[in-house]
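In the two complexes below, chain A is the common chain; its partner is chain B in one and chain C in the other.
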Partner chain A sequence: MKMKYVSIAALLAAALASPTALAQKTIKIGNTNPYSGPASAYGTIGKTIGAYWKMVNEKGGINGRMVEWISYDDGYSPPKTVEMARRLVEQDQVLLIFQSLGTPPNSAIHKYMNAKKVPHLFVATGATKWNDPKSYPWTMGWQPNYQTEGRIYAEHILKNNPKAKIGVLYQNDDYGKDYLKGFKDGLGDKVSMIVKEVSYEVADPTVDSQMVQLQASGADTFFNITTPKFAAQAIRKAYDSGWKPTHYLNNVSASIGSVLKPAGLEKAVGLISTQYIKDPLDEQWKNDASVNEWKAFMGKYYPDGNLADASNIYGYTVAQTMHQVLKQAGNDLSRANIMKQAANLKNFRPETLLPGIRINTSATDFAPIESEQLIRFDGKEWKRFGAILGK
Partner chain B sequence: MIVVALVLLAACMLPFVVSNYRTFQFTLALVYAIALLGLNMLTGYNGQISLGHGAFYAIGAYTAAILMDQYGVPYWATIPAAAVVCLIAGFLFGLPALRLEGLYLALATFALAVSLPALLKYHHLEQWTGGVQGIVLLKPDAPFGLPLNPDQWLYFFTLAITVLMFVLAWNILRGRMGHAMVAIRDQHIAAEAMGIHTAMVKSMTFGISAMYTGIAGALGAIAIQFVAPDSFNIFVSIMLLVGVVIGGLASISGAIYGALFIQFVPNIADAISKAAPWAIFGIFLLGFVYVMPMGIAGAVRMAVARLTRKAQNQAAKP
Partner chain C sequence: MQELLHQVLAGLATGGIYASLALALVMIYQATHLVNFAQGEMAMFATYLAWSLINAGMPYWPAFLLTVVLAFVLGVVIERVIIRPVENAPVLAVVVVFIALLVILNSVTGWIYSYTIKSFPSPFPAEPIFGQYVTSHQGGAIGVTLVVLLLLFLFFRYTPLGLAMRAAAQNPDSARLVGIRVGWMLALGWGLAAAVGGVAGMMVAPIVFLDPNMMGGVLLYAFAAALVGGIDNPAGAVFGGFLVGVLENLLGAFVIGNELKLAVALVLIIGVLVVKPSGFFGKVLVTRV
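Right after this comes the complex of A and B.
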């Protein structure tokens, strides 16, 4: 009986000890992912990352320490994310939270993570607000943010068709406005090239009337800032109405399976979008060492995972970035040092990124990937063209 | 009475023995208990099915959030405001909707719950609702220099309101109003013949029920410190209905059991299987429905009845 009390006391003491002291033996990484609910298709990212840490541990861990991956389901529901983030930080005492997914869920814990001073790293959303080291020094994004991408299209239009008359269709929310802001910033003093901008609501049944307005404005270039369902409608309408502008489609909807096929592949020929990770279905990477390495990893550690799902190679790539930060941190696994190292990535390259794209961060730059390459759809697949654009 | 006192005592001790995170979870369970009590009045006592109480939960949450964020109203003052707003909203929605019976009412309320998140994103309302971004709130500190951290304080604040709402419900339900509700559920023609103003009682019940759920929503928003349209999808409404049925229809204590169920069982399910958390949740649900067809409250009542009968038999034997 006495022994029992002693062990309970020991457990309590351990629970009360500082998290960094615990983290010395294992590295506890927390995460929330939508394994259920409307966004559950993204849940595979959490599984890929879990498989990645399993591989790392089998190869001896990071600087001799094992990684413990604790990932909870938040169903893409912000209140659940708050509950799970608190569980991770206060109960599981994780060193950091990595790749929590979705803009609303991350917004819900943004303040909390910064008040608790727990690293909130490489969040899985493209919003620009994660790059704000002054107000939120504990939060960092990863993928190219929407403004960056908007600027890249502007850059391309200015270079190739400086006389273009541009029509913009955007979703009326922070995501759509983020893209539009980046695009306008990119056009700079040429912003008057935009002859018409129209928006739609997520609740709208179609964007047909908006497309008619854009066509009537006399625009010859179309920037399409829409989510998959509306993107498919817009692509179809732009073709069927005989408008056929130079068509830029945001990366959010660049999926062949869920957007271009429903719209009709022949109607999508010539579409321009962006890419920053190698597409495993692309023929040209058939003999690429990094893609094959990823395929072997999937076969061994995540055999249920779908090789055609871009989320899986994404998870693998972002996990390598986290791995690099932990390697750089060495034996100083304090939360402050983790943030310092995350903000000190210099020309880091997970090889599954497109050639030429590098990850750079600094104390004032919390946007890891800031360049992308343009791609054009040829009726069968996306083909990369031109140089790497962006920073 | 003794049982109630013991439960209350245990509830007061709780935040001092468990972690802040657990305290936060129990705060949420109390919040759900208030919402379930409201829905139970409507569904359990009055026999009307609502698939849309998540909407009132959201209205309560947004009322609190907007008042705090835009007008600097202190958090405690937003609770009565949310109550009034939801009482009126519920009553007004109840007036026309109550011409609909049973499943048709369920569909009408369902429509409300489905459309509300889209409405919250509507750009003309954005200056108040914050659109998809939602509204971030600050956590209240304990007043009067009480030696409590914010989580503990919020727990006691919620507990006090929960007790108040339960006492209020108990009074309503054993009074004239409560009997009228039950009479309408069981025999609405007979009830009308007895002189009960059916439409009025039904609308009032809807209003009170919405008020309870709205208060819960406001408390939930303060505890979570964040509201966004994605927080209030149709699933919230369905979970509330699940909680009412699992806890026990037409039972006040059932609200507490149901709240504990919807707060903790999904977490247990997630711990058992990442691949199919909702399948595990479904198994739990089926298990409860089969083993306790009258809800947890019904099962407890039967167990107590059986024990006292046994005790009486034993006492009668010699």
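Right after this comes the complex of A and C.
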């Protein structure tokens, strides 16, 4: 509950000093995260980032300024995100909002942030719409977006099995349709390779009926665009019903601990997905300097954090990107300059990204990470294979 | 043709899920003449208790029995502590309490156990004994639901306690006059419904995976099932469960598309309430004014 104290201190400070004077001494970064509610598993990202700024401050801050991290709980509820974003911008007078989490929460404040001209940076969602500098010049995503990933699978199928008959299962919302669009774009004029596409609703108890439809369509390749619970159900059903297609699983549900294990590791053998950050559980990074650095950071600044949780290394990596932007901004901490620097990342590389992946942005390219590597599950762990794909 | 058969069997399997929770709904309705919106979350919470016991090293069946007992106690406690004070309040107030209970149980479970899904063990063999279309667990779960149904039938029809409970629900004043402790009968009804729900949860969890929102979608279909069969008829509720499961799959796959599957359940609920409020097998209630 330290965050609360920070915010109270921030309110007092704001009351005493004028915002501009304050902006010169500290860098105020606002954030919303689901510390409670259905998506609270992701709340650990906000805690990791808070710990990261603590480390930065202990080491002397950024260009001599301390970072003040104000992170509020929105419970993954869009109306609450609006309330919190307004509080951050109007009351706390933050310089920018960073890593607000979730597609629906960020959609709810998308227009507001751009109307107020407050940087809305590196939001924690894979939707493609954050890369739209023309209409929304103050918002930027970070992770590879769903369409990019969908295209990567399409390319892989076209190259390895041009005669594939593809079945698609997708969640009937923005997220599912975003993936499907990228996948279809990637197939291009071969889009008729998709012999069946079926959707499900989050309220459905199971996707068994959908899986039966896909199996009956005669598809031999399966693109699985589902969130963890349904992904586990689909993996199990594809195996139990004797279908056994070539199975592409979206990165959203590629967690071994929370998806493949419940589904049954032996049923997940051969699954193909993508990765862009080093998996701390992966044996090959055992002696990797950047992963060990992250582990040391976790031990010192966030000892309660789970080292097996990929969200924590994600938070660490995205915070480095924000750090870089603030470093580049130098002494000009105007909001316009922050956006200018965010759109001016050249070959930046937090070392916890997979080798070969670099962050590049420009005034017309608001998609920081655009490449990933394919991975295949061998029954124990994900094994990377092939080149880095994407841009 | 093969797909049709597969869809029907998959529908029966999910129908078994709806049937088991619908039974708990009917149970509480019989005992209290109220529909408990928190029934699904109580079942989910009981399933987490079972998960904790099994993870602590307890074998499956003792954990199963202990969970049924714990769920029963939990049901009684909820009735005594939370429902009692609003006993004579208007129906809407009671509904608000039920919904509050739903949200509280959901959040507390998420807080204790986190929201990531967990696998829940099945007491049935992993090898498919019913062919590849229905897993052994799905078949076994349907069997368990039918056994629970039989036990409930015997209990209400042939035991004095069952008779007393029915009397307390149907006519509290007369029941009181013949010496039945109506308050305790209501608490017992809550306990039994929670116990039946606990069994349902433990049968559902291996199929849909255990998470705090596991029962959210199921509850709606269970309502449809209970209403179709007649909210005061256990056998009708089980029949309704299978019917809803099969109907949902067939309509979803061949007629209206998957997007409208949930709408099937809602249309059923409204349709039954408008056309035949007592369901297929329910008693038509006549109230003397």
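Here is the rule we use: the second predicted complex is superposed on the first by the 370 of 391 C-alpha atoms of A that agree within 3 Å, B and C clash if a C-alpha of one lies under 4 Å from a C-alpha of the other, contacts with A are read in each partner's own complex, and residues count from 1 in each chain.
Following the convention adopted for this analysis, a residue touches a chain if its C-beta (ideal position, glycine included) is under 8 Å from a C-beta of that chain, and two chains touch if they have at least 3 such contacts.
All figures in this text were calculated on a predicted structure; none of them were measured in a lab.
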Given the touch rule stated above, what does A:A108 touch, chain B (first), chain C (second), both, or neither? first
Does chain B (first) or chain C (second) touch A:Y314, or do both, or does neither? neither
First (chain B), second (chain C), both or neither touched by A:P79: first
After superposition on the shared chain, which partner residues are touched by A:A203: those of chain B (first), chain C (second), both, or neither? both
Output check: A:S36 vs chain B and chain C. Expected answer is one of first, second, both, neither. What do you get? both
May I ask you to decide whether A:N172 touches chain B, chain C, both, or neither, giving the answer as first, second, both or neither? both
For A:Y276, select first, second, both or neither according to whether it touches chain B, chain C, the two together, or no partner. neither
Which partner does A:S241 contact after superposing on A: first (chain B), second (chain C), both, neither? second
Thinking of the overlay built on chain A, is A:S71 touched by chain B (first), by chain C (second), by both, or by neither? first
Chain A positions within both the chain B interface and the chain C interface are 36-38, 172, 199, 201, 203
Enumerate the contact residues on chain A facing chain C in the complex. 36-41, 172, 198-201, 203-206, 208-210, 212-213, 215-216, 228-229, 232-233, 240-242, 257-259, 261-264
Can you list the chain C residues touching chain A in their complex? 2-3, 6-7, 10-11, 13-14, 17, 107, 110-111, 114-119, 128, 132-133, 135, 204, 207-209, 211-213, 216-218, 220-221, 248-249, 252-253, 258-259, 261-262
What residues of chain A sit close enough to touch chain B in their complex? 35-38, 46-47, 71-73, 75-79, 82-83, 86-87, 90-91, 103-105, 107-108, 110-112, 172-175, 199, 201-203
Parts of chain B lying in touch with chain A, wherever the complex brings them together: 19-22, 24-25, 28, 118, 121-123, 131-134, 136, 220, 224-226, 228-231, 233, 235, 270, 274-275, 277-278
